[in-house]
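Below you'll find a set of structures to go through.
In the two complexes below, chain A is the common chain; its partner is chain B in one and chain C in the other.
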Partner chain A sequence: MNESEVYEKVVGLIKPYAKNQDALSSISSESNILEDLEVNSARLVDIVLAFEDDFDIEVEDDDADAIITIGDAVKLICTKIG
Partner chain B sequence: MNLQKAMSYCLLLILDPVVRALYYFHFRFSVNGGKTTLKDIREKYAEIRKAHPGPMLICTNHLTYIDSLIQAVILSSTWGYISHLSGLAWNLPERKNFYHKFIYRLICYLGRCIPVERGASPADARQVTNQMLYVLRKKGIISIFPEGKRSRDGLVDDKDFSYGVGQLLNEIPDASVLCVYMRGTKDGGFTHFPKKGESYYMDLSVYKPVSDLKGLRRARDISTQIISRLKEMETNYFGSNGGLAKVH
Partner chain C sequence: MVTNDSRRVVITGMGVLAPNGHGLEAFEAALRAGVSGIRFYEELEELKFGCQVGGIPQDVEEIKHRYLPEEDLLAMNQAMTYTAIAGMDCWRDAGLPDISPDSEVDWDTGAIIGAGIGGLDTAGDKLIPKVLAKRVRRLGSTMVEQVMGSAVSAKLGGILGLGGQVYTNSSACTTGTEAIVNAYLHIREGRAKRMLAGGAEGSSPYIWAGFDGMRVLNTKSNASPELASRPMSASAGGFIPGSGAGLLLLESLESAQERGARIYAEIGGTNVNCGGHRGGGSMTAPNPEGVIRCVRAAMAEGGIQADEIGAVNGHLTATFADPKEIENWSKALGRSGPDFPLINSTKSMIGHGLGAAGGLECTATVLQLYKGFIHGSLNCEDLHPEIESIKNSVVHSTCDYDGKYIAKSSFGFGDVNGCIIFRKWEN
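Our next item is the complex of A and B:
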């Protein structure tokens, strides 16, 4: 799976949890998941667990804490899946 | 935090009667009569603390800004807190609601509060979590609202809730969990401040969540179990006698 495929999948997993639907139209790697997309912190946990399930990876707590933007998530996942 | 804890004890004799005066004479709150009295609840809480003297999370449903204060007044008398210092819980108010005026910040400080911020960055959230863990490692009590917010429809939200309580229990697995279901029996429900003359129903239940999962999945599982327990307690409240008629 290449980076753009990972990106598309990540966006798809985050979309249902985004309270700011307007921000989805201008979503990019730099989009801040909590602030721009207005995903709350509990739902961010759900998203990280969805990453684990869908990409068959394990995300440590510290790694999860480091996910601020969509790009952070894509980078982490790409590193994990090699 | 040790200084904050010491100051809250020292000023307990001043602050606590003020809170109780507001409770009884300004708001004219009371606990429902019926089968369970204020004395019964306090005895039960004292027994629970005696049986579970270590770290404890008091997990309560959340409907008004002052749930923590009402709960603290109901659970023990001033003398009860003075004679059993460990019974006084730390509280977790939302920063934006209580920290915009100096006097509120002072009261929160003396009232043993750790301010939390909804939507905080992971780093800020971690710092607050570390303060909570410090309290628990010192065998303290934290009063927490597992839903992570006040329930807008007046019922325990078992669909969209926080996993904070599970994350704390991941770190302090031997902490006891005391589920508390509390609501006004007259106008109980979502509101900023309860109406004067409100009468409170309170149910206490020690609960032991069990999970074979690890990490964030365990946090989610444990949080879900605690919310489910609160939901059961709510169902009991609204049970066969039609809710408001069924009082302790």
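Our next item is the complex of A and C:
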């Protein structure tokens, strides 16, 4: 899976949790998950679980805490899946 | 804060999601026509329930997407969803301002939304299996907000932007009625201008199983669901579990008149009490003296005479307790035989909504008072012999009603009682 495929998948997994659905139309790697997409901070746990299930990876709590933007998530997942 | 105990409290909005209808128009039509919301459910048969019929609001999977965004629905169980739908309907029905995530907090409005059992669907389907599988870390973030006792009121408070006190009460099958009594007192004390109040209950087999295990559900009508809920009948063999949500918007008369709101009815008198598990009362049965005192205290609070009460919407579940309930009403009102007021049971159509029962049935009661009718009680053509003496008071098919009051009662495990006497609105 290449980086752009991972990106598309990540956006799809985050989409249901975005309170600001309008922001999805201008989403980019730099989009801040909490501030731009207005995801409830508690739901980051569910998003990380979705990453784990979908990409068949394990994300440590410290790694999860470092995910701020869409790009952060893509980078972490790409590292995990090699 | 200005305390004004003589403050009048009126009902200016209602919302209902019942097994036989969603929305006031559909619910009223179903009540008038005697439409049963009791259906057979294969899941209950597969799980080997004795009672395989129940009352579940229909088409909620479709309806909910018209009310709530996906992001909210990810963390909402049955009771929370039912509450949100009925609550948003109630808000709009009251003519209150449009709501959005950006709308202002309404500091003058609160909510008391009860649940009898609560989020057992979440616990049974998600929480417990994952914990037992040692997968706690896979539970995600949405468990607590769905299993916490206050789930139903907390979510609705956020959807509507309520800034007054928002909490969940729980008192078994008295829950919904108790919520409305508490909301009434809250407004009377001057603590809020408006309160949403009522009850909700989910439709999960986990919620209903304990009652099936107790042998208090009717197991003999699985092949004929619409005949299964038989309050006041000689062939009543237990209640039929129900679910849904029924909410009222209570408002101080002053606030209602200030904003020109439509008024459905006024709260005449209320009371909640407990029989103390004495005199025949227990965790599962009422002390008759408690019931009688509750009804009399509600009348006394509103300065209402027994002969002014023209109709009673009973608790009447279709268990052995129905004749006793009528005997208690008779003693409380000092009226028997042909002098007994009209009486019906909404549960004959929707089953016993447990924590939702009081909310659903108070909505039915206020609708009847406002629209001037008493709905027929289904499935009691073979009246129980012990209530034969009031046979002319039992309403079998919908009739007109122009009385000033209808009394509503709810009784619950724990020997708790609730009574509200609704008064027809007259300025």
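Everything that follows uses one rule, which is that the second predicted complex is superposed on the first by the 82 of 82 C-alpha atoms of A that agree within 3 Å, B and C clash if a C-alpha of one lies under 4 Å from a C-alpha of the other, contacts with A are read in each partner's own complex, and residues count from 1 in each chain.
In this section, a residue touches a chain if its C-beta (ideal position, glycine included) is under 8 Å from a C-beta of that chain, and two chains touch if they have at least 3 such contacts.
Remember, predicted model here, so these are calculated numbers, not experimental data.
Peer 1: With the two complexes superposed on chain A, say which partner A:L37 touches: chain B (first), chain C (second), both, or neither.
Peer 2: A:L37 contacts neither chain B nor chain C.
Peer 1: Is chain A touched at more residues by chain B or by chain C?
Peer 2: Of chain B and chain C, B contacts more residues of chain A.
Peer 1: A:A73 contacts which: chain B (first), chain C (second), both, neither?
Peer 2: neither
Peer 1: Using the superposition on chain A described above, determine whether A:A64 touches chain B (first), chain C (second), both, or neither.
Peer 2: First partner only.
Peer 1: Counting only touches as set out at the top, which of chain B and chain C does A:D46 meet: first, second, both, neither?
Peer 2: Both partners.
Peer 1: Applying the touch criterion given at the start, work out whether A:K19 contacts chain B, chain C, both or neither, answering first, second, both or neither.
Peer 2: In the superposition, A:K19 touches chain C alone.
Peer 1: Based on the A-chain superposition described above, do chain B and chain C contact any of the same residues on chain A, and if so which?
Peer 2: 40, 42-43, 45-46, 49
Peer 1: Help me check something: in the complex, which residues belonging to chain C touch chain A?
Peer 2: 69-71, 74, 101, 138, 140-142
Peer 1: Quick check: in the complex, which residue numbers of chain A touch chain C?
Peer 2: 16-19, 21, 40, 42-46, 49
Peer 1: Write out the stretch or stretches of chain B touching chain A in their complex.
Peer 2: 118-123, 125-126, 148, 160-164, 215-217, 219-220
Peer 1: How about chain A: which of its residues touch chain B in the complex?
Peer 2: 34-35, 38, 40-43, 45-46, 48-49, 59-61, 64-68
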